[in-house]
Structure formats: structure tokens, C-alpha cells
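Common to both upcoming complexes is chain A, partnered first by chain B, then by chain C.
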Partner chain A sequence: MSDTVETATAAPGTPPEKTPAPAGALERLRRPRTYLWLVGSVLLLAFPFYLDRFWLQAGLFAMAAAIGAIGINLLTGATGQLSMGHAFFLAVGAYSYCVLAGESSTENGHALTGLGLPTWLAAILAVLLAGVAGGVFSPIAGRLRGAYLGIATLALIFIGQHVLFNAGSLTGGFNGRPVPPLSVFGFTFDDTEVLVAAVPFQSSEKLWYVALLALLLSGLFARGVLRGRPGRALNAIRDHRIAAGVMGVPVARYRAGVFVLSSMYAGLAGVLLALVFQRTVPEYFGMILSLEYLAMIVIGGLGSVAGAVVGAAFVSLMPQVLTHYSDSLPLVSAPGTGGLAPGEASRYLYGAAVVAVVLFLPGGLTRLKKPGEKK
Partner chain B sequence: MRTAPATTAPTTAPAALAVRDVTVRFAGLTALDAVSFTVEPGSVHAVIGPNGAGKSTCFNVLSGVYRATSGTVHLGDTELTGRAPHRIAALGVARTFQNLALPPHATVAESMLLGRHRLTRSGFVSTGLWLPSAAREARRHLQRVREIAEFIGLEKELDHPAGALPYGKQKLVELGRALCMEPQVLLLDEPVAGMTADERRRVAAVVAGVRDSLGISIVLVEHDMGVVMRLADAVTVLDFGRRIAGGTPAEVQNDPAVVRAYLGAQE
Partner chain C sequence: MTTFIELLLGGLSIGSVYALIALGFVVIFKATEVVNFAHASLLLAGGYVTAVLHDDIGFWPALGVGIAGAAVVGAGVEFFVMRRYRGSDHSVLAIVTIGVDIILVTELTRRMGTDVMALGDPWGDDVVTIGGVTLAETRIAAFLVAGLLITVFLLAFRFTSWGVSMRAAAENPQTAALMGIKLGRVSLSAWAVAGALAAVAALFLTVFPTPGLERATSLAALKAFPAAILGGLDSTTGALAGGLIVGVTESLATGYQSDLSFLGRGIGDLAPYLVMVIVLLVRPAGLFGTKELARV
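Here is the complex of A and B:
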């Protein structure tokens, strides 16, 4: 019985079995990390009251990307299975949500199919559908290792793009389709203004908390998996596949399993991105997006939740920062004025960041401080 | 020294490991040529021979890493040949690798916990949801890992990254990880190579202790003849993939074919 009590009180960040003597509350109060977390949490909760819409959008973006990055870090970082198909599963999540939650309608002469399910249910089903799509591909994902899987998943991108552009009644074709706003217990996360402490809340402000909660839960789930039995098995497959099998790890089953899990993370990220964008367009879910997710985990740090989050923040906030400060930055100018557009500039920048990290910081940004330590 | 094994009497009756006419060919090279031998339950069986004789290949067949071109391996009534490595592990066959196969970043404790994989159940859902059952399981098995680490003299290194330890200690971690599987059959590929005299004695004592108190069968590939002669109940000698002699250590030591193979292979 005492077990249960202990687990309930132990903070998730401090795995009880790794610290020789379980850290008490006092001990934790003395650690600077506790305060960093505290300040960070307060800031994250307060942002919607202070930041303008531009930065809220950027933050929402980063949070959704972080969830997707955690997913691909489970697969590529922790298991060593390369995937180029992450964007495909993001698309499955985003479009499934639209089809399941949207009403049948006609837009620009296109008939759009929609099931009109409650939006919260559609969001859950969309994540599950992304998992199912991963499951369909998992016999291949279980058999192929490392770079070979990367090549095979390229097929998903091509198939995905073809379907998105051509299955017009589901996807809306080139123009995409509108995203029905999320609604939970009668509360709708749309642009109708709600006053909270004299601050008008529109969709960005409201969605902020949805995204924050989703990110928190996804991060905790992944961390639990990584530091537990499945995580050890996945790392063993990455580090020494043959030894993993000999130790009793069913290698193909775990590869398939983590592929499905990673797809579901992508699906959730896709749903959130759709809600933030308020419109899904096929172009977005291309090869570049897959590469961006790989860049995130390389920059942030392979194989850990923190690495995925830091990398996602870096890669998705960079274009926004450059856009915002394009006036005061040399070479970078507003889009369409002839100079280097912020999007392009940021791509060069994180291209350079990837190379720099691979060369000088093999553990990624999150290993910056303590090179000797493990994740 | 003798404290660790207590909780783990093998649940199934000890079974003999029977290797029958096993042949392994790699593109023209015959690494094993119709090799047969039987490892009696609860004995230490040494497989010796010059470099390239096929000893590691034999281990790879026993553990399912390589497929035999022909021939069979049985553990009791169960056929091992044709099974995937994790299925063979599930039957209680554990091994160490001649060249280390440890994760580069994980601690000794985590490395050894991997050995508990087949004895534990927590999956993606229970660990992801931080269920108390998963935490309980982890704690229970970590306790057992500590006992085993103490048994082999690694208790102080449990929280160190395994990859940063000296070579001899890393070999000990591999042995510990294999013991963590609570095996019926333990395959040790050159377990004392690269170790200090102290560590060698430790491994020899562990091997003898494991056999005597647990009744585990041990197959031992080793070049250190002192260790082989002291520990082995039976010896099989391979040369160029063929079994050229077998018997008790004393019999084998005086076998002219063995003397010839070893003298011929002296560098």
C-alpha cells in the first residue's frame, strides 16, 4: 500500500528509483530546477493575458510542434528508426478531425464530406485514426531498420500528398478545408470574445490552455514510457539490436509499437495545428515538414522529451522571431520585398543549427549544460 | 557471495542442452561442421579452440542470432533452432557477448534492468500513465538487480554509466545483465578476457557459485586454460569448425589432437 502513496507524491521529474535516497520536499526546495519549473509554469499560464495574438499564435505553433516532435523522438531518437513520414501522420490527424467534426457542405463548388461528430470526440478519434494509419504501416516499420525505414516512409509522403490534393470531397483539394472550432462541455474555443479578468479571450487565448494541457500530458506519457521498461527496450534496439533480441526484447514488435505511438503523437499535433490554423491545406504536409521535425529533435536532443520540446520551440519560433524583427535585421526583409524572406532566412539558420549541433553538440541543446550526464 | 541466488530456484526442471550435427556456412566458409555436444543440466561445459574455430558462431546459433544451415539444438524437449532470439531468451537462455554489447549512455542499473525484460510486464500504456503497478514492478526488480550487482561486486557502480567503466567492469556488467535474466542456461563468451586478476577470480567464483547454488547450466568459451580447467565439468574442443575432442578437462588436456591444434595455432 505504501507503494501507491509514494508514487502519488513523488514528482514525475524525479524518478524515485534513480535517486539513492528519495528526495524529500525540503531537498527539492533547495534545487534551482524547482524554481525554474515554477517560474516557467506561471509564465506559461499567464502568457494569454499579456502576449499579443502574433506571439500567442507562435507559441501555439511551438506547442503543437513539440507534441509532434516528442512522437518522432520516441521513434527516431529513442529507437533509432528514421522516419520521413511524420508529416503524413500529422495530415491524417488534421484532416481526420476536419472530416469527423465538420458538417457536409459545399465550398467553392467542392462538395465536402463531414460527419458532424462532437468536436472533442472527433479530436480523440483523429488521434486514434493516426494510430491506425501507423498500424497499417507497422508491418513494414517492424521489419526495416534505421535508414531503410526512412526510405520506405518517403512513400507515405508521396501517397499522402497525392491523396490530399486529389480526394477533394474529403480534403477539399488544393484549397484545403475549414477546421471546425473545438468545443468541450459547451465551451467553444473559437473567436467569439470572452472577457477573462478584463482581457478579451479569442481562439488563440482559449486554445493556449488546451495546447498547454495536451503538451503536458503528452510529455508526461512519453517520459513515463522512456524511463520505464518499454523505453529501455527501445534504447536497446537502437544501441545494439542483436543484444536487445538476445535479452528477450521482441524487436519487430517494439519497432511496430513505437511506430504506432509516434503516429498518434503526430496525429494529436496535426489536430492542434489544424485548430490553430483554422484551415488545413495540403501543401503544408509535405517533405519539408517531415524534415523540420527531424531538425527539431537533432537540434534539441535525440531520445528525450526535453530535447523534443526545446528543438520544437527553436525551429518553430525562429521564423516568427525573424518575421517580427525583420526590420531591424540585416539581409532579412518582409516577404515579397525582394530580400531574404523570414521563412527562408530561418530555414538557412536552422540548417546551420543542425550542422553545428551535429558537429559540436552531439547531444543537442538540452545536453549543453552537463555533457557527462545522461538524459 | 551466496546470498543472491536464494529467491530464484528455477521453476522448470533443469534440462540438457543438446547440440546435434550443427553446420553453419557463410558464403563458402564452413564456420561449424556437423558439431555435436551435450551440456548436462547444472554443469559447466567449456568450448575451447583456437581463434576462428567457430566458438562464437556456435553461441550465435544457440541464442538464435544465426540460423544453422543444418542440424538441431534442443533444450530438454524444446527445439531452439529456428526460433527468434527473444523466444529463445524467453525459454531461459542468456548470453554475454565476446565484444561488449552494452548501451553507451545507460547506467549499470539500467543496463542490468534490461535483463529483467522477459520477467516483467509493464508496457507502453502502464508506464506512460505512470500506473502504480508499473512503478511497483520497477522497484521490485531494481531490488533484485541490486542483489545481483552485489553478488558480482558491482554494487558501487550501479549509478555509473556502464560505458564509462573500465573494460573488465563492463564485462562484469554483461555477466550481471545475463544473470538478471534468471536463466536456465548461461552462455559466456570469453568472460574473463581483458580482466584484471582480481576480476578473473571474481568471475570464476560467480560461475562456480551460480552452478552450485542454482543448478544453471553454463557454456563457457574461454582461452584462459587455468579458468577452464578449474571450472569445467566437461570440455568440447573445436578447430576449424570441427569438434576434434571432448571429455573431462583432464582427458582433453592430454589428447594429442588438442595439443596439435593448439601448438599449430600458437602465434
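Here is the complex of A and C:
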């Protein structure tokens, strides 16, 4: 295989973390990386106390996107299965949560069906349902490879859009439907203010910790998958499917499995996004969303959890940053004033970033700092 | 019955346009093994150039410039992006074309705004009625032009030295290179041809009865993907068959929409993808695609 793939699979930078515990503890204290993590976690935990709602929302989007990106990186990055249908599974997650947790109601003349389950249960079931949707698609996913799979999954987007617009009683059609706020053990993550250390906590502040926890858990789980036996099997399938099969990797089972797993990640991301948006609309879950997720993992780095997170932060924070500073940036101006709208500017930037990263930094942004590693 | 024939003929005509797009897609895939997700943006580029110029220099010259422009854009993408990639993973290259597509589509839609641009074609909304069956002139023109171009292309593919080198490169790039075929030139010409075909398709996707060139045109162009896939990505015959199947399916599903109302509104846009999924379930390599045989 090519040298780029080689470095991605071997990932020589990572093994030190797996050194045995006694020597590792001291070793870790000496590495700058440990402190970076420490400072990073403190910052992430402290953000809700200092940032305003705009940036918290942006951060929440980024975290939800990161979870989805981890999912598609397992599938496309680690296993080499191109999927354009990620947005569909996000939609399954988001809408399942709404249907399961919402109460039956009428809105704008639309009757909305809702099962009224406890919201935490609905969230879990929504993730499982996204997995089931992935499993239902596995007869296709297990048979097709490469470009065929990519375009077949494109069908999911169009099927999804069709259902979202037409199944009015479940999805609310064009106008979407409201998202019931999450509540766990009687604590509701909605806009009622709670004072924590003299800082009023609203939905974004509260959800911040939910998202952080979800991201941490899903990141650790994916890392476990990638570093263990399944991860090696997935990489083997990507690098040489037939050789992997000959060596005893149950290729079909793993491919179906990773498809289901990645759909579940998408489902979780969808639930979080719905909670942040507080309203789900079908237009959001279109093809552009799928393309954004592919852009994320290419920019961040294919096949690693860190790559997915970095890429997700890059792609989803960019429009927000550009919007916020559109006054002071050259070329960019508010939408409708003739200049480059922030949304467009960010699309140029990440389109160009995808091209530039593949051509000049085949490992993605997360491998930026180790040029010596390449060959 | 008349409705059925009208829908069938209309479907065949729009299907031949899809076949034109799918053909370019297949040519790029054969020559370089890259799935070009930027194809819709090539089409949009060709259509945009024609739409902008037709007022000043007349329709036919504008169309010529549009075709040449799309070919140049295609060749440019190959020369400045695809050729610079040093790895060997073709699915990564496919994602690169997505990046290119994002840039091109953003630029073109920003220029278009919410306008619906006319391409200034000479047919207008004239219709021809033969034995009770009414057809738009544009549809007939589309069918004839697409048929002609596809024939010319297939003949060239078969008999000219360009076609031979293209097929040799598709068959076995290393051997072809050793025989003195310049692979760079082959893939450059593949991209240019694909761009040119897409520009012609852009004309027929935007003439009557569709309102004109707009943002949504790239969505229509996307239907060439299921066409190419269900025919088989590496088969020119497949592109042809796939295009016609997609066109007819779409036309019939749209025409009989009221009878299919239990499936929801806008089933016509969905039908090509459903057909694709069903075909792929039965034949994972498409109707005419070569099944991959691997030697270990």
C-alpha cells in the first residue's frame, strides 16, 4: 500500500501511551502532551461560566459534529467504506428522539405523533434506532464497495429527505417539529435558569456538560475499537480486503458491524444536534451535511478519533467565527450586502482545505506536527 | 395511452441527456479510476457560461464557448488537483473531487444568486404534435443531439487512436505507459471530454419545460450518478442504458404521480435512486459492469 496509508495504520506516534503503567506515570508527567490535555479539559469545563450563548452554541455544534465525525471516520477513514449517507442517520437519530420523547400534539394544523417516553430513554432508543437503520441498509452496505457504495448511500439522503418531507405526522413535514428538552433524574436541560456560582445556567450551559460527556465517552469507545483487535481488522479490510479475508477476518461481518456502529454515532450526534437546535427541520439533513462530514474527516485526518474531532471543530466552527467577525474581516460581509457571505466564505475555505490537505498533508491536520515521520 | 407514450418519449429524451452526463462520468472513471463527484459542478459551469454570454454573442457561439469553458474547467481540475496527488487511494481522490465540487458550486451559485437564467435556445416552448402525441421541440432536439454525440463518442472510443489509448490505459495503466501512451494526456482528455459533454447536457437540462439554469440544476445533474452506477461504472453501454432507465423511470413516476400518491409528493425525484438500489441488490456491479476478479 501507499506510504500515506502506512503511516495512518502504524501511527508510530501513539504507542508510548500504551507503555506499562508504573513507568508510564512518571513518563507522562514529563510529556508536554499531558499538560496540554490538562489545560484543555480545564478550559472545556470552565467555558460555560465565561462564554456567551453564541459561542456555547457554536461549541455544542462542534461537539455534536465531532461525535458524528468519529462515526464516519470509523467507517470511511478506518475501514475505507465511502459513505455519503451520514446525514440520513443523523436525521434518524434526531427525529426518533423527537417522536419517542414528544407528546402527541397539533401544530399548524399538523397532527404530530409522539410516544411521550422519558427523554433519557428516548435518547438511548434513538441511537439504537439509528443503528437499526444502518443494519437494514447492510444488504447494500455489505455488497458494495468504493464508488458504488458511495453513490448507493447517496440514495439514502434522497430517501431520507423524501420521508422527512412527506411523513408529516412523524416529522412535521417542511416545518419540522419541536424537540422536547432532555431530562435526567428530574433535572431538565431546558431554558429555566439555574444559578451556578453566580452564573445563570440556561440550556446551552447545561447541555454543554452533556455533550462533553457524550463526546468523551464516544471518543474513548472509538479509540478502544480502533486500537484493539477490531480496529486492526478494519484497517486490514481497508488496506486489502481479500488478504484480510484470507487471514481470517470475517470481512462481511465487520463491514456490516462498522456500518451499524457508525450509524449509531450519527444517531447520537443527531440527538445532540436536535437538543441544541430545539427544533428539527428536514432541510438541514441534506446532502451538504454529508459532504461536510466527509470534509471534516479528511481535513482532520482519516482513521483516527483525534482527526475526527479536529476536523469537526474546524468545519463547524469556521462559519460561526466568520459570521461573528464578518465586520472586521476583509472580503467577508454580512449576508445580503453584496460581499462574500460568511457561509459561502467558510464553504470556500473548507472546500479548499479538503483539496490542500489531501495534496500537501496526506495525514490530515492531526499529523501536522510530525513531518519527520513521513517515510 | 397517449399520456403513456408522451411520458415514455419524454423520459427517453431526458434519459439520453442523463446518459450524456453519465458517459462523461464513466469516461473519467475508466481513464483514471476516480469517481468524479464534481461532475455536477462542471455541468453548472458550462451552463453558466452559456447563460451569461448568449445575450451578447448569440446562442450558438455562446454554447460553443460554454462547452469549451466546461472542458477547460474539467482539464484544469485534472491538471491542478488530481495530478498533484501522490497517494494511490482512489477513494481519497473521490473525496478531493467533493472538495472541488464544494468550491465550484459555491462560486457558481453565489454568482447566480436566486436568479433563473435562460440559455437563449432557439426552440423556445414550441411543441410538435404527431398522431395525437405532443412533444416539446426541445425534447426532440435533446434526444437527437444526445444520440448523435453518444454515437460519435462511441465511434471515436472504438476507432481513433485517442480512443485506443484511452481503452489501453483503462485496461492496464502500467503496460499502456510502457507502450508509450502518455497517461497524463489520457486523463486530461478524459476530464475535458467529460466537461464538454456535461456542458451540452446542461443546455438540455435547462430548456423548456424546465424554467432555466438555477441552483437546483445541479440536483438534476446528480441523477446521472444513479444512471452511471446502475449501468455499471466502467461500461459506456451501461451509462447509456442507465441514463435511459433513469429518465424513463423518473418521467413515468412523475407523470403518474397522482396514482402513486400513497408514496408521497415528489416521488419522481426519488424513483431513480430506488431503481438503483434495487438493481444494485441484484447485481452489485451494475447491469453491464465487470465483476471484479481479484488475484491474490
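Keep in mind that, in the parts below, the second predicted complex is superposed on the first by the 347 of 375 C-alpha atoms of A that agree within 3 Å, B and C clash if a C-alpha of one lies under 4 Å from a C-alpha of the other, contacts with A are read in each partner's own complex, and residues count from 1 in each chain.
Keep this in mind: contacts are C-beta pairs under 8 Å (C-beta built on N, C-alpha and C of every residue); 3 or more make two chains touch, one makes a residue touch a chain.
Remember, predicted model here, so these are calculated numbers, not experimental data.
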First (chain B), second (chain C), both or neither touched by A:V99: neither
Chain C versus chain B, contacts on chain A by residue: C
Touching partner for A:H162 - first (chain B), second (chain C), both, neither: second
First, second, both or neither for A:L359, with chain B first and chain C second: second
Partner chain in contact with A:A312 - chain B first, chain C second, else both or neither: neither
Contacts of A:A211 with chain B and chain C, given as first, second, both or neither: neither
Which of chain B and chain C A:A243 touches, first, second, both or neither: both
Footprint overlap on chain A, comparing chain B with chain C: 3-4, 242-243, 246
Chain B residues touching chain A - in the complex, by the definition given at the top: 63-65, 84-86, 88-90, 94-95, 97, 101-107, 109-110, 113-115, 117-118, 120-124, 126-130, 132, 134-139, 142, 159, 161, 177, 181
Touching residues on chain A, where the partner in the complex is chain B: 3-4, 7-8, 12, 16-18, 20, 220-222, 224-225, 227-233, 235-236, 239-240, 242-251, 257, 261, 374-375
Complex interface listing, chain A residues touching chain C: 1-5, 76, 80, 82, 139-140, 143-144, 146-148, 150-152, 154-155, 158-159, 162-163, 165-167, 242-243, 246, 287, 291, 294-295, 298, 302, 340-341, 344, 347-348, 350-355, 358-359, 362
Residue numbers on chain C that touch chain A, as the complex places them: 29, 35, 37, 81, 84-96, 98-103, 106-107, 110, 222, 225-226, 228-229, 233, 263-267, 269-270, 273-274, 276-277, 280-281, 284-286, 294, 296
